[in-house]
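Sending over a structure as structure tokens; questions will come in a sec.
Chain nomenclature is as follows: A, B, C, D, E and F, assigned in order of appearance, with residue numbering initiated at 1 for each chain independently.
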Amino acid sequence: MFFHIKELQYNAKPERPDPLFAKKLQEVLGGQFGEISVFMQYLFQGWNFRGEQKYKDMLLDIGTEEIGHVEMLATMIAQLLDGAPANVQEEAAKDPVIEAVLGGMNPQHVIVSGLGASPTDSVGYPWNSRYIISSGNILADFRANLNAESQGRLQVVRLYESTTDPGVRDLLSFLIARDTMHQNQWMAAIEELEQKEKSPVVPSTFPRELEIQDVSYKFMSFSKGTESSEGRWAKGPSMDKQGQFEYVENPTAMGQVPILNQAPAYIHNTPVPGQPAPEAEKSHYQPPKG
Amino acid sequence: MFFHIKELQYNAKPERPDPLFAKKLQEVLGGQFGEISVFMQYLFQGWNFRGEQKYKDMLLDIGTEEIGHVEMLATMIAQLLDGAPANVQEEAAKDPVIEAVLGGMNPQHVIVSGLGASPTDSVGYPWNSRYIISSGNILADFRANLNAESQGRLQVVRLYESTTDPGVRDLLSFLIARDTMHQNQWMAAIEELEQKEKSPVVPSTFPRELEIQDVSYKFMSFSKGTESSEGRWAKGPSMDKQGQFEYVENPTAMGQVPILNQAPAYIHNTPVPGQPAPEAEKSHYQPPKG
Amino acid sequence: MFFHIKELQYNAKPERPDPLFAKKLQEVLGGQFGEISVFMQYLFQGWNFRGEQKYKDMLLDIGTEEIGHVEMLATMIAQLLDGAPANVQEEAAKDPVIEAVLGGMNPQHVIVSGLGASPTDSVGYPWNSRYIISSGNILADFRANLNAESQGRLQVVRLYESTTDPGVRDLLSFLIARDTMHQNQWMAAIEELEQKEKSPVVPSTFPRELEIQDVSYKFMSFSKGTESSEGRWAKGPSMDKQGQFEYVENPTAMGQVPILNQAPAYIHNTPVPGQPAPEAEKSHYQPPKG
Amino acid sequence: MFFHIKELQYNAKPERPDPLFAKKLQEVLGGQFGEISVFMQYLFQGWNFRGEQKYKDMLLDIGTEEIGHVEMLATMIAQLLDGAPANVQEEAAKDPVIEAVLGGMNPQHVIVSGLGASPTDSVGYPWNSRYIISSGNILADFRANLNAESQGRLQVVRLYESTTDPGVRDLLSFLIARDTMHQNQWMAAIEELEQKEKSPVVPSTFPRELEIQDVSYKFMSFSKGTESSEGRWAKGPSMDKQGQFEYVENPTAMGQVPILNQAPAYIHNTPVPGQPAPEAEKSHYQPPKG
Amino acid sequence: MFFHIKELQYNAKPERPDPLFAKKLQEVLGGQFGEISVFMQYLFQGWNFRGEQKYKDMLLDIGTEEIGHVEMLATMIAQLLDGAPANVQEEAAKDPVIEAVLGGMNPQHVIVSGLGASPTDSVGYPWNSRYIISSGNILADFRANLNAESQGRLQVVRLYESTTDPGVRDLLSFLIARDTMHQNQWMAAIEELEQKEKSPVVPSTFPRELEIQDVSYKFMSFSKGTESSEGRWAKGPSMDKQGQFEYVENPTAMGQVPILNQAPAYIHNTPVPGQPAPEAEKSHYQPPKG
Amino acid sequence: MFFHIKELQYNAKPERPDPLFAKKLQEVLGGQFGEISVFMQYLFQGWNFRGEQKYKDMLLDIGTEEIGHVEMLATMIAQLLDGAPANVQEEAAKDPVIEAVLGGMNPQHVIVSGLGASPTDSVGYPWNSRYIISSGNILADFRANLNAESQGRLQVVRLYESTTDPGVRDLLSFLIARDTMHQNQWMAAIEELEQKEKSPVVPSTFPRELEIQDVSYKFMSFSKGTESSEGRWAKGPSMDKQGQFEYVENPTAMGQVPILNQAPAYIHNTPVPGQPAPEAEKSHYQPPKG
């Protein structure tokens, strides 16, 4: 169960309105790696969690914090939009440069949300839940989390470089710092988990003898040129310490030339000349035998 | 520029048709972490790359390999669908159990793709490019890649557990092995990059003094209970070796209670009783001063 | 800023696993009118609010409660999935009826979320933020909220009718009761606002003389038959008390037959025989004059 | 069955081209609450209707009218685009202000639709059918309709404020007037239905004793502060006249602390140290007993 | 402007309920090539049309007819759903086969649309307007239309094969016949247009000397094997009669090895060892010169 | 299986950066008819193909070539973005015209992709796989392909008209030429197939006597006015040579006035006054009899 207090986690006050920056700032609110993504990802990972309770608690700690980050960004965006005119035409008739500048706004910030933030990214594309993952395997998921915090901090830093407003920069400095913590947090949790598992390869519980081990440590060069042979991934012991990396300069095919059966008559494909389509009844589904 | 040879990278021959498993197998072809996602992610990272050529070469190596993985899965799915009837009604009239079993198929495998694979996931949702990331910062992106290969291998393993068909399992064993390699590969590349960067925190180039460093290493407990204090992330030196983790049991708000200005008249919000809406012209946008 | 406690707002314990019902229950978690929709809608309306603080407080009260509803549903779904097998083939080989029943599951509940809830609806379609509205005009938005709670309660009731599990029904009974409250709440708030506004027609601030008042109270019958003349909307005083409803049995066109200009040459449309396309330069954009 | 006549329902002639306004005007054609949404919503509600024929007739009346509204907006947009250049570079080289202004256009208006309207909103996002609802319960659906007409009229009014073109304003004045009628219409129909039903709470047919009535009229304050206690929703008789509103300042949890079972082995989650994953066969699905 | 009459264009009465077929039939109502797609495509092509009026009239004729096709399919689906239970559990407890069969239904047909049709496809994916095209160039668009009617008739035929219900087959026979007409219609219109244009290559108005004519008639074999040399496209005069097809067995690259510049410092990419990132100010945008 | 070489198929070097054109150029990379669409469409058609091998080979030839077209466009876009500043504010403070021009950029080109191409269209909407079709019937699919190449060439031509950069025009001239070839190729393949089939109406294998042949060649005029009677589609022999076109000026309804049954009680629709809802058990699903 959740509670809310009215104070923001940190300051969110711009020095002046800037509807163009409001549009850009939406990216880290409602974009692929924005704050909605991280709070939803952490909460679902926490709610679905089936293991040691300290991980569940930790996921709900950070997921709850991130809702408050959306709150700060929404508040900031609403204030940046204070100066966004609906009746731009009259002003613009006097000064086409102003019209031009305002032409770069997100029009939905006026028409749809009435000078409010929206749960979308910087091109107005709505947030959707295929951005997030909660697989049940937390080593896999913490890698997703480390990635999300890495992409997120990178985007906030790029936005920091795109404004000179001290109030906006103040909030972004806070978010950058929290992302520093959160990258550190996921790195720590990943290290802890990798030490407990048999192998850092996810999932570690699948019997290795059931995979085609002949190709488990081969780097295959499908793009002409051998620059890629210079990397750590092409020689030396593998990272899971269970094999040796090998560089395959000219990988060869191990499979068949695929030729599919003709479709049965009831599919109504283009007929193959000189050949009748197979009868429907001949190709019917049979439940598998044990 | 790309070339194609007719042979598959590995065998893709089921022992018997199984249209229900065909539906499930779509997940690792066209789902969030399926093979389309990885080939598109690696190719775009390669094409957009602006640094050392060995990384670009490596990205194009693996991206090109992954197109061939889509090819194997598509071929497998088409063969699993060989037994999918369109005219189920007549059969089913004789045996409702068969009807019931076939009711679990993806109907588009008959109606739309005519017994062929489709670029969608296991619930028929189309692949879309918001699944992938190419940020230009390759440490961030390699973390995305390690995540993709971790989620991907996990899903293939779960599918392996869901079938007993030796032909299908043979292909999945190959894909599991390649994912073992690819997880190892990204771990190796990440280690190499982290050693070159000033810090494992992405991006490492942003001046640390510009973030609110007071909160850069604090774990804040927003969910009641202190189980989360037992993790590596709550005490000891931070993973970037630039701070000490600190556990904050009762985090407090540092920001204002946000009160937004009333909207100007032309926005036509619900009026606040006793207060006229501000005139439009008073709140017009002013281009920022330098 | 938000906080979380570990206890659920109400019980969420099924008596037995039921992966098919888990799939259906997703509708009210992540569907168009599910709990994610209402919590996001209320929070954004609250964060963007620019008027009397009691409405903002109320929106944040209810928005925060609704996050806890998602939590209960996610917890319930995870438990309903406890019995969902990945390796159905072996079992099913022995009993095709079980295979058939399980064929109705959402396959992503096994492959992707590992027996956890997902932020999607009952056909696996991801939640997206175009489901919600925060317009800044709260009379408009409270109507959206009343609609959401009406659709939501209807869906929960239909789900109640679809299960006999006492534990599931217990949770649904709680949600149905809260939706009773929330419908009452929005009706109360709407009544309060309508009494304050000049008119219940949103927005009430637009000067009525600027609309084509001749058609402001006419019901136009575009579908043959006059059954629709029997409704309250076709006669008597209008609901805003500013006009009389009028029934127009045979509405007539008031506008032109539209004939568009030919496209300029650089658009490369199919040419009109005997007519050259207009030159590009003749149709160039001119900034509007004041 | 439908018929079309060539005349528009009302005038749709701009005084001058304005490709920037064309982009904005798309919102009320193909946006969340645009005319495509209302015509599709009303037609599907009509086609699916299972009750008194006067409601079905009325839904098809208004749904058919709204197709004609899309027609007017599409015609208007095509004319606003008459002045949109494809070869902006040459012009812009001479005057960067013109380039800048035109940079605000929707580029697809030139490249994709060749100076025609598109079925998208003002940021180019395609219309999709998750915008609409047809639930079969018409009291619920008429609330959806009242909401759609409220949001719609608000958006048209905001667009009216954004242009000075007399031709555009003429069309918008017509649409605003029809939205006045349509809000009145749905209010009238809702009032009529609420009088027939046992209760205004949707659905009115669910036995009230089956809900947890203890919480059916409690307002719970999950956001600190008691401003929300001042509203009509917090005291006095409930709107459905079946209870008394009650204000709960400090709501408490009524449910368990959720602890989920460990996942079975075939799910391959991160293992819990010291505990083997449960065997697959022990957690298999059992069809429910009656 | 549009009108509606109550009669359907053709019969839409199933002999018996069949909720599983209702799910499948959704494909040709709301799928990629369903009736919503064709009516929206034809209407937008008509509304945006800028040439000879007979084409505009024809597009509006057929677009209007197709709305009536959606109406018939929606009516059919609602009747097929007459037998869809919400409270399947009780029945199913007595007979798991019935439960299994009903598990194949679209759950939203009960929960969301209350036994009504929905504007989605056979996997429940919503219709969206990126399915359609209205480019302004009608030769291009009529090819889109011929494709839509070809895919559409194919899908209806496959559905015809999937049912034995005489009432359903009666409606499908009507739709198949209309698709016969519509394929013929677009073939006729395309032939007429191709005879008027300089060339069947769209757009015919682009000066041929501005394309790299050296590759305008070369078939390039990028997949090993020469089976593709046996087609009409590999030899003989080109279809536009302006060249000779030529088969290139081993196509070679004509372009550079792409090496991108390093990103400026404010992008914060992974640094290249030994090289400082270029200063921001050195790479700023300059408006193009004429 | 696929291979890659480092050289591009053709030159991709702009003369100068132009981030606004980079945004527009995205349309033919990741839009509805961009290069991702064609390569995915051709590869899936090839992989799913069940007929004469020369068509499969041809599809894989052209599909593989098109991956290389995406590569060229991505490379071009990355270079056009070389001049896109992140820290626009400082510059813009000095010159609002530059700010205005840059306001037209896609902000994700800086924030998300770090001056790289993205797999989206010119409004930033992500590519998704519902853009493509692989039906198994290759006559139908080749019509889809001819349409894709027609729309694609039209869009590239419009982009050619929108730039004066010689390097960009050079690449576009190459793509226009290849689209000339590809339109010719699909026309040739369609002609070849139509000669083999019984009829050009897809699918040609459905028995004509099973369609309602009375309406197979009638053009029905649902839009008032008879301009459409002047087309080839309204008179003369049909294109499939199996009928005569007939013009029906006033089409009449052939079907019933649809009246749906009331919904059963468990659906909880708005009740019909004076009528109890039918009992659930009376309308339960019965498996169809043979």
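By our rule, contacts are C-beta pairs under 8 Å (C-beta built on N, C-alpha and C of every residue); 3 or more make two chains touch, one makes a residue touch a chain.
Just so we're on the same page, UniProt names per chain: A, B, C, D, E, F = Manganese catalase family protein.
A quick note: this is a predicted structure, and the numbers were derived from the prediction, not measured.
Novice: Applying the touch definition from the top, give me the chains sitting in contact with each of chain D and chain F.
Specialist: A, B, C, E
Novice: Between A-C, C-F or A-F, which repeats the contact pattern of D-F in over half of its pairs?
Specialist: Selected pair, repeating D-F: A-F.
Novice: Compute the distance, rounded to whole Å, between the mean C-alpha positions of chain B and chain C.
Specialist: For chain B versus chain C, the centre distance works out to 27 Å.
Novice: Measuring centre to centre with CA averages, how many angstrom lie between chain E and chain F?
Specialist: Measuring from centre to centre gives 6 Å for this pair.
Novice: Could you say which residues in chain A touch two or more other chains, in rising order?
Specialist: 1-9, 32, 47-48, 50, 53, 57, 60-61, 64-65, 68, 75, 78, 86-87, 89-90, 93, 96-104, 110, 112, 114-115, 123-126, 128, 130, 133, 135-137, 139-140, 154, 157-158, 161, 164-165, 203, 206, 222-223, 225, 253, 255, 258, 260-261, 263, 266-269, 280, 287-288, 290
Novice: Classify the inter-chain contact topology: is it line, ring, star, complete, or other?
Specialist: Looks like everything touches everything, fully connected.
Novice: Given the complex with chain F, which residues does chain A contribute to the contact?
Specialist: Checking each residue of chain A against chain F gives 20-21, 23-24, 27, 31-32, 97-98, 100-101, 103-104, 121-125, 154-155, 158-159, 161-165, 222-225, 253, 255, 258-263, 265, 267-273, 277.
Novice: Give every residue of chain A touching chain D within the complex, in rising order.
Specialist: 1-6, 47-53, 86-90, 93, 96-97, 99-104, 106-108, 110-112, 114, 123-126, 136-140, 193, 196-197, 203-206
Novice: Where on chain E is chain A touching in the complex?
Specialist: 154, 157-158, 161, 266-268, 280
Novice: Residue numbers of chain F touching chain B in their complex, please.
Specialist: Those in contact with chain B are residues 1-9, 30, 36, 40, 43-44, 47-48, 50, 57, 60-61, 63-65, 67-68, 70-71, 74-75, 78, 89-90, 92-94, 96, 99, 112-120, 126-130, 132-137, 287-290.
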